[in-house]
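This structure is in structure tokens; I'll ask about it shortly.
By written order: A, B, C and D. Residues from 1 in each chain.
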Amino acid sequence: MAKNKTTSSHLTAQEFDELFSKVSNWGRWGPGDERGTLNYITPDHVRAASALVRLGRTVSLSLPINTVAGPDNPRPAVHYMVRTFDIPSPRGATQSATDFMGSEVHGNCQTHIDALCHNAYKGRLYNGKPTDSVTSQGATILDIRTYAHGVVGRGVLLDIPRLRGVKWLEPGEAVTREELEASERAQGVFLQEGDIFLFRTGHHRRRLELGSWDSDYGGEGRAGLHATAMLLLHERKVAAFLPDGDGETVPGHVEGVGSPIHALQIAAMGMACADNLQFEDLIGECAQAGRWEFMVVAAPLRLPGGTGSLFNPIAIF
Amino acid sequence: MAKNKTTSSHLTAQEFDELFSKVSNWGRWGPGDERGTLNYITPDHVRAASALVRLGRTVSLSLPINTVAGPDNPRPAVHYMVRTFDIPSPRGATQSATDFMGSEVHGNCQTHIDALCHNAYKGRLYNGKPTDSVTSQGATILDIRTYAHGVVGRGVLLDIPRLRGVKWLEPGEAVTREELEASERAQGVFLQEGDIFLFRTGHHRRRLELGSWDSDYGGEGRAGLHATAMLLLHERKVAAFLPDGDGETVPGHVEGVGSPIHALQIAAMGMACADNLQFEDLIGECAQAGRWEFMVVAAPLRLPGGTGSLFNPIAIF
Amino acid sequence: MAKNKTTSSHLTAQEFDELFSKVSNWGRWGPGDERGTLNYITPDHVRAASALVRLGRTVSLSLPINTVAGPDNPRPAVHYMVRTFDIPSPRGATQSATDFMGSEVHGNCQTHIDALCHNAYKGRLYNGKPTDSVTSQGATILDIRTYAHGVVGRGVLLDIPRLRGVKWLEPGEAVTREELEASERAQGVFLQEGDIFLFRTGHHRRRLELGSWDSDYGGEGRAGLHATAMLLLHERKVAAFLPDGDGETVPGHVEGVGSPIHALQIAAMGMACADNLQFEDLIGECAQAGRWEFMVVAAPLRLPGGTGSLFNPIAIF
Amino acid sequence: MAKNKTTSSHLTAQEFDELFSKVSNWGRWGPGDERGTLNYITPDHVRAASALVRLGRTVSLSLPINTVAGPDNPRPAVHYMVRTFDIPSPRGATQSATDFMGSEVHGNCQTHIDALCHNAYKGRLYNGKPTDSVTSQGATILDIRTYAHGVVGRGVLLDIPRLRGVKWLEPGEAVTREELEASERAQGVFLQEGDIFLFRTGHHRRRLELGSWDSDYGGEGRAGLHATAMLLLHERKVAAFLPDGDGETVPGHVEGVGSPIHALQIAAMGMACADNLQFEDLIGECAQAGRWEFMVVAAPLRLPGGTGSLFNPIAIF
């Protein structure tokens, strides 16, 4: 079966560097550009996306914030009450309960979006910017404020387990360009310029059924894209990438390069990328609506200097 | 001048309790209801809201997260780098920078949405629920998960400084029902069932020009609504409330009751309410588009047990 | 062997309540007392303890703060840099690096001391105080400030693995009064009024050699004291308790009562108790000095309303 | 009066560099030394210090942890309850209350000790070590673990307000070597090799009476040492420095060099230095005992990679 053959197609470090160059957008929108592939989304795309709202139904693409340690959550988010109703109120009969929430942004099981300063390859950020632009007091360029006004456009879901007729992909399985194209044909939807690409491996479905696991390098791993599939995203001018894992195939298939998908998407292409979405609610909506396209509105918190943000993207049908 | 007369219309505690009863939605959607006025938003409203997207432009309604202490920010949010690019990467040539962000949710200058468990009046939450449902380990009912799939609908901005021909309202000034209606007429837009009401006092504009101030009880105060204006919101079946302050007029005008707007909106009406939005970008878009209605998509983080969430609501024209 | 027999001596809930009454110090030092067994330490004891300083050597009794998640550390401490030397200094040629540290106080592998408000039994704190004195904004009585001026006195180490000729006690093994007395005889040291009792099960030695494990209820458990051993501590008027686990035997031997040692020591006796010390350095010093007594100086952080504090107790020979 | 003349004795940048060289201990204890002036404390000193324990009284030298924002506390410590007694206990009749505490280590009103990695001068740490040894994930050398076994020795308090007959020194006043010597004579105590020097300006007394103020550069400032006074500390081989401010005189008197005392003490001398102690309890004990020397035991938390630690030093009489 083709899948297995392709999954085992390893890239040498040199082949990877050639791939990096092919999909690179450095300079495409000028030397000072910080928006990367979000430049592909024009007002026309936003307007067209809104026309997909026909049912008036909304669905979250986010996991609950995870405050419990586990194999994929070594540094859980924290949630502490600041005050409950157990003390006298300074407001008389009106009382309030308040809390504190904190999280490392890039946890392996928190739904979040990466800023373009999040990843470097060979010491360079997107557009060739230097890594010392990220200091101990935050990023000075390419930070999450770039996405302050939201990532809004047409969302297209490619549901690989559905194509394969399985519940989920197993750790280490890599999805190729060919399989993405097969999925497009099967679902009757095609990735186009300015699209927000939702990529489903069934990661969270597996987690729900089998429990959490160490999906990182050195652990059991996870399913993701094959590095060469990035050529398709590049050709189609995809604007944003929202996967249920993080897009990486672990263990990987590129010689000496960890997190190659992040290197390509973020450092080379300047793509708006998220991690750890959940599509369990979404696939029900898609099945009911009979379509795999919808409006997506996603907005990170406006954190100055931030390398990313927890967020809760919404699909609207 | 009418403004001053109305502002000084004080309510006795008994009058306030009568007002509380008049606008109460306890039981309206059943004894177990947790959605409150979001029940007013139907799929038709969402669809109609999407039809307002004609320009394809998006604008954030959120302030930047504020990590610097100040008179209105005694417990600032924290942002720490977890790693920058100054250490060897475990991923070879691919490096990553990550950070931690934490915040008390209900800070006086952080843009956030309140869950219905946030406020009680006379020991009762919305729908008459008991306050001991909020424990030291989080809320067990009426928490922020209620809004997980987003607050999406038609946004209507009433810009009171624009009506008055001033840059901002001064602390302590209360906007009455009559003035809201005058603003509707002036802008040619009317609050209707299921609408998301954006209420502008110019709070943030004042802050930009004069610097931050202690806007709390005991401090200089802030401009907001008059408690009786809630009757209008109740009659019109407004679904959500997004103000640039927090809706409260401080110092207040209700005898012995602090935060009366929160008591009415959250505890009595079960209204989806936010605090501390910024409309400086929005009013430019409104002026350019020549309208004060637009699609709004807002999504809190899905924090189990949370009393609210920082968020970044997006207006789409 | 006696050990196994005694370990399996279970107490009924009623027997435990009788034990609780026997060792209770409620009222002993007046109804408003907050110092509990620290009252046993007089200036004479402090002076006598200082006379044990003959070698001029100091040794820490604390573990390193643990920032890595593990089976006994589900919510690790956090340590973030606030600034490193990678940004320009506002002080010219003088630069500074600063950081943030935070921790839940009562983690299973952080060395800490408990305030008397930390534990209640049947709804009562030490001296019969009500549990609602601990609110969502901190403890209003019996908090860690009670120990502000330090716990200073004669430390006596009873090293049970040494007595038994093993490297460590296994989880679930309970040390009886008789075995404590045997240890005293073997080491030639006797617990007396006002003493600080260091109790070694070899917990940390086991951790160093076998790696960390889930030592909690529901996990593999840990070695500790038998509940009835508390009678010895009560009769001898021990002032403070510093164990390498937390004193509890898990799984326990009291019907329907978890954490019985904490209930007895803290709620009944009002004893200054710590958790998770490390004695690996100490036993070397003891062996070298040929004695198991020394001066101890321990000082919690002065946190208003705190239920305890991380700390670093020092033994001085 | 001499004081004023001396206070206004400014140093040029070149004079400061000469001073830096004069007091430098780089290389004194070998190129890999990390203990700095703690090397001056021998077992004999510890033993002699313990002989000062005659009354058996202990006193904290720490401020309460400050969780309230103020002009000298822009980023207050945080204290959140993790659980109170308002939820069912997993331990049956035994209940526990737990909390979280976190703080930036080097706050202007938190009592803390600095690690030797905390300060650099002209890009070099103590012993000439490079600043890139402190990374975004903590210090790799000269961190707070160096002081793990405590700072224990003879404490000597020089109480400058007592010498001057004032309640406190005013911001900007600098104490000279001559005044330190006058204070020694007046109190009949002399700083010697291995001593722990407690330096009182009355900073906290002023704070208690006048309220907190912005004591930093750009604010009102604070009283401290004159840079040239460091020659005395160097000649006398003082081991540690515990001031009630932080030793700095602000505004300063060295051309182009901020925090010159930290530069000299930490970067040049490798001195164990603390900040923001409170001596209000101590001076009462000293007056009662009729002496300004006593045993001091201070122990930072053992934080791997930490630039310092909150701590609670104890004086024992």
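By our rule, a residue touches a chain if its C-beta (ideal position, glycine included) is under 8 Å from a C-beta of that chain, and two chains touch if they have at least 3 such contacts.
What you see is a predicted model, and the numbers here were worked out from it, not measured in a lab.
Where touching is counted per the definition, the chains common to chain C and chain D are A, B. Should one ask which of A-B and A-D has more C-beta pairs in contact, the pair is A-B. Counting the residue numbers used at the interface between chain B and chain C, over half appear in both copies, so the two copies meet with largely the same residues.
The contact pattern of C-D recurs in A-B, the pair among A-C, B-D or A-B where over half of the contact pairs coincide by residue number. Chain B and chain D, compared by their mean Cα positions, are separated by 46 Å. Between chain A and chain D, the centres computed from C-alpha atoms are 47 Å apart. Rounded to a whole number, the gap between the C-alpha centres of chain A and chain B is 29 angstrom. Each of residues 78, 81-82, 84, 86, 100, 132, 135-137 in chain C touches at least two other chains. Every residue of chain D that touches chain B in the complex is listed here, in rising order: 68-69, 74-76, 78, 81-84, 86-87, 132, 135-137.
Put simply, chain D touches chain C in their complex at residues 42-47, 50-51, 53-60, 62-65, 67, 78-79, 81-82, 84-85, 89-106, 117-123, 131-132, 134-139, 145, 148-150, 152, 217, 256-260, 262-263, 267, 281, 295, 297, 299-314, 316. By the touch criterion stated above, chain A contacts chain D in their complex at residues 78, 80-82, 84, 86, 100, 136.
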